[in-house]
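In the two assemblies presented below, chain A is common to both, partnered first by chain B and then by chain C.
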Partner chain A sequence: MTRDEIKDVILEIIEDIDEDAEFDGLDADKPLRDQLDLDSMDFLDIVMELRKRYQLQIPEEEYPELATLNSCVNYLEPKLKEA
Partner chain B sequence: MVFTPLDKVRQKYDVVVIGSGLGGLTCANRLARAGHAVLLLEHHTQLGGLATWFKRGGHTFDVSLHGFPYGMVKTCKKYWSKEIRDSIVQLNNIVFDNPQFSLTTTFSKDDFTRILHEQFTLDRVTVDDFFNTVRAMNFYDDLGMTTRELFEKFFPGRSDVHRLLMEPITYANGSTLDEPAITYGIVFSNFMNRGVFTFEGGTDRLIGMMATDLQHNGVTLCTGAKVERIIVENGKTKGVVVGDREISASAVVSNSGITNTIDNLAGRDAFSDDFLSRFDKVVVNNSSSQVYFGIRKGEAFDDVGDLLFTSTAKEFSSEEMRRMDTKSRTFSVYYPKTRPDAPDYTVVASMNANYADWADLDEQAYGRAKEEMVERCFDDLERYIPGIRDKVDTIESATPQTFNRYTLHTEGTSFGTKFEGLDISRTIFKEVGGLFHVGSVGIIMSGWLGAINYGVIVANDVDAYVRS
Partner chain C sequence: MAEFQLVIIGAGLSGLAAGIRSARFGQKTLIVEQHTLPGGLNSYYRRQGFLLETGLHAMTNFAPRSEKHAPLNRLFRQLKLSRKSFITREQFGSEIIFPDRSLKFSNDLELLCTEIASSFPACIDSFQALVQEVERYDPFVEASWKSTRQFLQERLSDPLLIDMLLLPLMVYGNAEEHDMDLGQFAIMFRALFLEGFFRPEHTIRELLSMLTSQYEKFEGALRFKAPVTKILRAGGRVAGIRLANGEEITADAVLSTIGIPGTARISGWPLDQKKYIGRMSFMETITMVPHASLDSPRCSQTILFYNHNNVLSYRRPQAPIDASWGVICFPDNFEGLPIDTDVPLQVRITNAANYELWKQAGSSQYRQLKEEAGRKSAEAAGKIIGNYRQDVVYHDSFTPMTIERYTSKLEGAVYGSPIKIKSGATPWENLFIAGTDQGYLGIVGAMLSGVTIVNQHLLG
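Moving on, here comes the complex of A and B:
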């Protein structure tokens, strides 16, 4: 997947979690948690959905890599290259 | 609702869940939605664990509905359904009445800030500081500070303030002032978010909707099925023995109590000495007693509040609250609005209790102790609802023995374990591959919201294991 495709997947998963999520003006370098009112349970949902879709195992100590939209893409890009 | 009889259950599943408390139900639902074949086994004839109800004399009594935090709205929508979320409604009148103060509140941060400032004459900066401190607490933070020290730091010598802040939480999860302050901070902040909420239609409707959702998502539900043993071979779980059946599974999730899971279901032989030495430090929480009052059809009473924290004890003491003759109890008052389809008035008095106080009584002494408890509750309730004795047509009571019988919890615990249980529960699958635990542990993962969210957290662990 390309970086843009990965970004779309992340936003799509977040939209499934919270249909009211407002992506306009989202700063890709700032924490998703603050901008979209996500809590730790929501991040767990993202991890579980990525595992379901791409058999991707993200260890707990690497959850912080998912903090911002850009850090998500940086972290997932090598893992989803073939996806 | 028609469940699957044990002899119709398949030979093999991806995951077997033992027990149908809110944690077990949620874990099962989440795993089924993620595409796993899930079997849920419950020893009782009814689903729900301690999220339960019973019928007597034409009334339906809710055992643990009392009130939960606003977080249930988001949690129910995400992990259950919009229909379940849409039945969550606020309880507006939370009443405190004791020798130190009497007040009515929404039990929200805004209202508590106002009360602490106006009625308890504390300055706003201190109150704001306190709220900011407890809200910022995480379960992995330092455990050094106790709740007592936290209160003394912000409100030194103010036993009235300590009581206001602590009493509801002691009822909610059995904690004391000597617990780690973080356990207090996390639970208290959850409630302070927006106040206290309940489920319109009652516990029976909620659990019924959950059962429908579970079956829709493909979970096989089997009640009256008591698991005898979790099969462990070469450090891994292979399934369970239930009745005369052996059912295989890649993963087993025990929603039985953590002590029951290790001591009785898996057996201590399955664990390392190091793990067992940590496990043996786990302390189970206290149990509860309850008295249920049903009001005769045609009778009514005025709105006296939804949840009443009452005590005639001079000061707050979690020890006093567990005594058989405690002067402290909550009244959960259910009006016709609770079940619009079957309007009724019921009152449930709840007290904390020590299992040991009730366990060793002979039949006669046990019966007498129950009668005396009912009388004490009547006397206290009379102060809020005058003439209540003449309006009641149904009385029932429950003791720690009752809780033990229906939930099989060690010592009838109503709130799982103290803090040490959390680490054991979280790491059990690292000891025995494929064996997971979900249920009230560590004080934090307790109550309806805590149990449901913990079910989601454990489902993530199970999913990772099964897919690896």
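Moving on, here comes the complex of A and C:
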């Protein structure tokens, strides 16, 4: 997957988790959590959804890598290269 | 390999929510339910053309869609249900009625503050400080038991105000007698006073069917009429379940929603079961009454919490029921529900009941006891909303025996064990409990309990 495709996947997962998610004006370098008003339970769902779709195991200590949209892409790019 | 990754015992609200969470991420999940219908304590039945709910007065934890972190909205996201299409009907307003004072409250905290300012002017500042303290309090961290009564005495100087505030909080969720754990108090205070009462657009039936369809959409399996007689063990772990028909089902993990003592009984969990059986049970009377017979202005409110004494006696009564205090609920009195004055109005009355005395009664005596208790209950309620007994068109009641028979609540203790296990853990690393005995309360709470336990332990 390309970086843009990964970005789309993340946004699609978030949209799927939260029907009220608003992406207008989203800053890819700022925490998703604050901008989209998500909580830790929502974050768990992003992780679980990635696992379900791509059999990706993300250990808990690496959750902080998913903080911003750009950090998600950086973190997932090598893992989803073949996907 | 086990047949299922997760087997859940009980298709009540916590079991269904746990099932949805587990199945949503592709785990092979089975829910087994002893009855023919889902819902557990919150189910329904039909009589004479009426659909009657067994448990639901109102749902607590009301929150508008915009409050994303409110329990109700988090729950919907976790279950992947659309909050947008879930229509909520808020309460008209409720009232706590004691002999000398009364306090109205609604889903706007301002009303309760105004009422306290006018009836207990010396206490309003400390009440507002209390609200802030409860908002900051985190009831979900493991903490040792703390006395709510002592906490309130230190903050509100008036014993009458304390008992008035405690009545709705206790009767809608407290498994202990007289006092309650501070964590449980904080959960209830938020659920009732800070968030508030509402109903779903339709009945519990549609809510349950929304949950079962969601579960089935994620390919979860659900079996009714499948009582579990044993939780099977092998090598220090739980290996599956055995059903009453002898069938054995293997599982990687088991989640039990049938309470601590019930789970202990079928798993061989060595604990003093008596300590985990709550003493508070209730008799619930449902009557259908023509609108014209209910002309007191109080009948246009939603829920009335009454006490004919100035001191609250929240304990198992000495008699079959204690009608001196209780709840009068009008489930039709919520915003936006259709009003049809040709259809009689439902009045539900809840009173504390003594399980032992109901159990001791033989079958002929039981019926008589039920009639007497129903009369006492209606008389006591009549003092609040005017006499309506002679006009009742339909009448039914549940006793602690009914509750014990149709739900897994031993001794009819609707709020389960006075001792909760917040972590959901048992002596076996792959057996967990969720639901009432895990410590969350109410319909939203029960569902969050199922969600939380699956998130913490079972999404591996």
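Keep in mind that, in the parts below, the second predicted complex is superposed on the first by the 83 of 83 C-alpha atoms of A that agree within 3 Å, B and C clash if a C-alpha of one lies under 4 Å from a C-alpha of the other, contacts with A are read in each partner's own complex, and residues count from 1 in each chain.
One rule holds in what follows: a contact is a pair of C-beta atoms (placed from the backbone, for glycine too) under 8 Å apart; a residue touches a chain by one contact, two chains touch by 3 or more.
None of the values given here were measured: they were computed from a predicted structure.
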{"item": "Which partner reaches more residues of chain A (counting touched residues only), chain B or chain C", "value": "C"}
{"item": "Which of chain B and chain C A:L44 touches, first, second, both or neither", "value": "both"}
{"item": "Partner chain(s) touched by A:Q57 [first = chain B, second = chain C, both, neither]", "value": "first"}
{"item": "Touching partner for A:D20 - first (chain B), second (chain C), both, neither", "value": "second"}
{"item": "Which of chain B and chain C A:T2 touches, first, second, both or neither", "value": "neither"}
{"item": "Touched partner set for A:N74, first chain B, second chain C, both or neither", "value": "neither"}
{"item": "Common ground on chain A, meaning residues reached by chain C in one complex and by chain B in the other", "value": "17, 41, 44-45, 48, 51-52"}
{"item": "Chain B-touching residues of chain A, taken from the complex the two chains share", "value": "17, 41, 44-45, 47-48, 51-52, 55, 57"}
{"item": "List of chain C residues in touch with chain A within their complex", "value": "24-26, 65, 68-69, 74, 77-78, 80, 82-84, 451, 455, 459"}
{"item": "Touching residues on chain B, where the partner in the complex is chain A", "value": "30, 34-35, 75, 78, 453, 456-457, 459-460, 463-464, 467-468"}
{"item": "In the complex, chain A residues that touch chain C", "value": "16-20, 37-39, 41-42, 44-45, 48-49, 51-52"}
